[in-house]
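Given below, in the form of structure tokens, are the structures.
Here come two complexes built around subunit A, the first alongside subunit B, the second alongside subunit C.
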Partner chain A sequence: MMGKGCWMSSFRLMDKAVKGPMISEPGNERPFQRAAPGKLTAMVAWVVMVGSLILFGLVTSPVAAQRPTPSDDEVNRLAKEMYCPVCENVPLDMCPTQACAQWRALIRQKIGEGLSDAEIKEYFVLQYGDRVLSEPPRRGFNWLIYILPPVFFIGGAVIVLNVMRTMRKNVPGTDGPEKDFLPPPDEVYLTRLEEELKRRQENDY
Partner chain B sequence: MIENLGFGVLVITLIVCIYGIFASFYGLRKNSLAWVESARKAMLLTFPLITLAVISIVILLVSGRYDVQYVYNVTSNTMPLYLKITALWGGQSGSLVFWSWLLAAFTTAVTLRKWNRDREFLPWVIIIGLVTLVFFVSLVVFVENPFVRFWQTPTGGRVVSMFQPVEALLINPPDGRGLNPLLRHPGMIIHPPMLYLGFVSFVIPFAFAIAALITGRTDDRWIRVTRRWTLVAWLFLSLGLVLGSRWAYDVLGWGGYWAWDPVENAAFMPWLTGTAFLHSVMIQEKRGLFKRWNIILIILTYSLVIYGTFLTRSGVLSSVHAFAQSAIGPLFFIYLTFTMVVSLGLLLYRWSSLRSEGTMHSVLSREALFLLNNLLFMGILAVTFWGTNFPLISELFTGQKVTVGPAFYNRSAGPLFAGLLFLMGVAPLSAWGHSTVKTLGKALWKPLVGSLLVLVAMYVGGIRQWGALLALWLCALVIFITLYEYIRGVLARQRRSGEILPVALWNLASRNRRRYGGYIIHLGVVLMALGIIGIEMFQTETQATIPPGGSIQLGQYEVSFTRLDLFDTDDGRNVARATMSVSQNGRPVGDLFPRRDFYYDSGQPMTIPGVRSTLEDDLYILLVDWEPITSTGVTFKVYRNPLINWLWIGGFVFILGTLVAAWPDKDPEPTRVSVSRRNIASRQADG
Partner chain C sequence: MTTPDEIQPIPEEKKLPPPWVVGLAFILLLGFLVLIGMGLRRTQMGPIVIGQKVPAFTLTTFDGQVVNTADYLGKVILVNFWASWCKPCEQEAFELEAAWQLYQPRGDVIFLGVGYVDTEPEALAFLHQFGITYPNGADVGTRVSQMFRIQGVPETYIIDQEGRLAYVKKGPFLSLSEIQNAVDQRLP
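The block that comes next holds the complex of A and B.
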């Protein structure tokens, strides 16, 4: 696992080193200054330049682009889904400690290097374990957390259905849907008797 | 002196409790009312005794007796008086004494009631109350004693002990460490007591349930007696949860109100089972069904109260291994196992006498829908319980600790909450005993059409998230149904009695407080749901570092950073306070002052947001970081939390509804609904 992570990181770095400068160079040519002959030509040149830039950016992998320093929002988007091992239950984007600030700086650096979200998370997991993720990764023992609550709920639902079925079945003397909800006469009598008794009891109080 | 008095009183309390248990058992065995009465007197004595212990702790806290370890840990010279007093529940041992005190208050109050018609419950209720009390008081006396002091031994060692070791001298530190800054908030006065009250008062219905099981009086009596106690317990727990959310929103500096933190979950789980219980007992009262299930629910609620206290008090949350290190953890575990085994054993023993009296006749009847409501509550409980405990279980079995964050809970419990909202709308329209699609549809169609119109309006208004549309539609449906129920009731009353509208409304609600109080609670829940949907689905945020004069744009808001002031306060804080001017759509709307307080005594910082609150949304600014030397850049985090205020407004409505439903009166005993053809016909005509 460790080897794979490192290999992936170094691959990304290499990728950036090869392709990065190729993109940044045209940007330095300052099209507006050079396009003296006429406004229209300048515009056309500018559009072509920017267009090719965008196209180039689309054709090559977006992670390969030399990016400006990632904004706080970009960092927080990822930090929101992570936890440092020390600050219990405080997501990384909220945590005021110095250590967490350093983690965020590291995330910023990694985003700047062009690593994807998954790669950055994997980097931290390799260093500090699964607990840095806001949810246990879906593998091995962790599957239990995702499976048990639905199993419990379905079990409960089956019990409820059964209760409903047996209760409906238990009504004696019913043979059709019309009579289904009619209690047997003795039950009506018993209920009334019970109510009467209760009322007397309450009045005694 | 005072510390010895306090400790002595606690030891006497323990002896009195144990005596009470034995007297009660002996009275039962000898069939002697005098012994039971003596046990009752013992119970009545516990409250004044623990009150003395509480007063002793408060005196120590207020007078700054830092030679007492507890006082040293939770107070400091600079803390205001109210915080010194509330520090009673600011640490482990103090809060256990506080717990015991409230428990004694409730069990004492319940023994003062008239027992004419259920005298057979009395000895058992006393025993269960006292056993719980013995457990908590012995924790304080033997494990977490708040009165232990610092001593210097002749060899130069420092020990903590209740009594003076041989030739040791008392150490009297000049100042204490002070309360955790997170707890230095006016919320400290009310939030923990409410939560604890909610916790301890669930002991009462549990005690009656167990008394019913032991005595074999398994009719509805125990439910009737405890209905109001349960509502009060539930009211306190709900208040505790709402106040806790508000406190988190004001202080914790994460822009949120609920983080599915294990400590929050510990309080939420008994609330879930308690809410399910409140609904489910109605089925038993009205239809005589599900007696066993009600007993299971109250046993579960009591166990979750103990479990919640265990989770928060044993240190097990930080690591499974802290469990073994703390003496309190294993004791809690043993007590929990003991109560569960005994109470479930009793339930099995009485299993056959707890058979349902009636039968369920239709899947759309009120009782069937309540059963579904219970299923959904249990589903949410399963998610919460498992999510809270999984990190411990994972650590135990694999050695690897994992984090279970809010995303897991939201995804798993979200649909169940939506289901509950739907049932909350539909169930009040269905009849006890029997409902058909036709009767239900007849009652439902008008509010349904209204809510669909709202749905269309929201879609046209630009909301495209299907989850949000569904949730908001459900809210609209429940609001319409609840109001429709009120209107129907008021109109019917007006027709019959000719009263004017407000009088009819007042009489309707006051004659039928349980029902209409319940509707108010439902309205409160929907309003809270609106707030939750707003912040969960529409919250936006941004963060940036700006120099003075710079500004941050978030939606229609623009916040400009004017200045940063750094100063010390008299109560031992170093404050960094930013002044931000806010404009909405280019129009200035005022200044906000987010700040960071650094507490010198405890060495911890606190982030206090600057908040502009309206019914539409909150603008919530946090001071994240700054450069003290150059003062060139200050980092702010800005949130827009739509509709969040409805969460608090809904909370008020919710509490109001619970008060309406629980206010004591001489309401007639609920009558069983017998299902006969005539009843159904008349109910259909009403609907």
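The block that comes next holds the complex of A and C.
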């Protein structure tokens, strides 16, 4: 409004400077005639006009394209990766409490401001702590939560495989190599054994 | 000459893992057990008890002031945990502000409000709605509430002049006189 008023007043001043002020002469049929324009007046008019243009540009703010309001799907996509601050083990997208509604509104606001998912989560972690996330952040001692279970699982699997392999070797008739409970036969002993058995058989008869 | 009774089976040589593998496995297992123990210890600790020294904490108010409880040693500090989404908190809001108006001129009693997992616009609206003038700030990172190990809101803790927990109120104050009784008993 101020800019438009400045623009119009400077325009009227410019018009008067170029065409000259309206004057009235006695007996003149045209009571108002324009006098000869002055150079000083013209200069002043130009300065006022340019100044108005500059002022108009400074006062008015640039119009930016508005971001579309984030949809519920966009909000819930992020909300399901976070947990309710009040209820235990309830994802934020499913929680009906007022606190959760406020948090979802805050997520919608942050998405509308152009923040990425990671930035929004970081904001919530800073404000409300790590427990708002469904997954512990990967830093500090939290790394043990991601490393130790696979290590223990693999170690346990190796132990189980070793035990099973040992058990298969101990079972006779399996594919494993057979154990030798007897040393290579002693030929002299076998000959003597056979002679003794034959002699006992003959004595019995 | 060997007899069948003297014959023994040939034992198979067992292949043991290297000592460093065994040591590493034990260290990992021990570390895992220590972590579990620390977590269990924390969950089993329960709320802060009366008589226990309360560690000093810092609260940044909604208008940018930084309040450190260490600066108020020698004074009685009333710490009230609240939230805008908490209906019972509304029940005691007026009474707390009325109590603050009574104690503020004395200079030896400080009221601090701690917003618990609240959003700033709603928190400010709550303060404006109930005309609360004592310092209030958000519990950033829920550090203060975890220090007190609160179980919900509203909860009020009174710290005496020696920095020890002197009074705990779980739930809303029902009247101004209840607040006065709680505070006056801690005053000389």
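Methods note: the second predicted complex is superposed on the first by the 104 of 205 C-alpha atoms of A that agree within 3 Å, B and C clash if a C-alpha of one lies under 4 Å from a C-alpha of the other, contacts with A are read in each partner's own complex, and residues count from 1 in each chain.
Simple rule for what comes next: a residue touches a chain if its C-beta (ideal position, glycine included) is under 8 Å from a C-beta of that chain, and two chains touch if they have at least 3 such contacts.
Please read all numbers here as calculations on a predicted model, not as lab measurements.
Using the contact criterion defined above for the overlaid structures, shared-chain residue A:M164 touches subunit B, although it does not reach subunit C.
In the superposed model, A:G156 makes contact with subunit B only, not with subunit C. Taking subunit A as the reference chain, the count of touched residues is higher for B when subunit B and subunit C are set side by side. Of the two partner chains, subunit C is the only one touched by A:A105; subunit B is not.
Look at A:S71: by the touch rule set out above, it reaches subunit B but stays clear of subunit C. In the superposed model, A:P96 makes contact with subunit B only, not with subunit C.
By the document's definition of touching, neither partner reaches A:D117: not subunit B, not subunit C. Using the contact criterion defined above for the overlaid structures, shared-chain residue A:L144 touches subunit B and also reaches subunit C. Residue contacts after overlaying the shared chain place A:G129 against subunit B and subunit C alike.
Once the two complexes are laid over each other on the shared chain, residue contacts for A:E88 go to subunit B alone; subunit C is not touched.
Residue overlap on subunit A between its contacts with subunit B in one complex and with subunit C in the other: 85, 129, 131, 141, 144, 148, 152, 180-183, 188. Subunit A makes touch with subunit B in their complex at residues 71-73, 76, 81, 83, 85, 88-91, 94, 96, 101, 129-136, 140-142, 144-145, 148-149, 152-153, 156-157, 160, 163-164, 167-168, 170-171, 180-183, 187-188, 191-192, 194-195, 198-199, 201-202, 204-205.
Looking at the complex, you find that subunit C touches subunit A at residues 1-2, 4, 7, 9-10, 12, 25, 28, 31-32, 35, 83-85, 117-119, 122, 138, 140-143, 146. Interface of subunit A with subunit C (complex): residues 85-86, 97-99, 102-103, 105-106, 126-129, 131, 141, 144, 148, 151-152, 155, 169, 179-183, 186, 188-189. Touching subunit A in their complex are the following residues of subunit B: 116-117, 253-254, 259, 261-262, 289, 317-318, 356, 358-363, 368, 371-372, 375, 378-379, 382-383, 386-387, 390-391, 393-394, 397-398, 400-408, 412, 416, 433-434, 541-545, 605, 607, 624-625, 635, 637, 668-669, 671-672, 674-677, 680.
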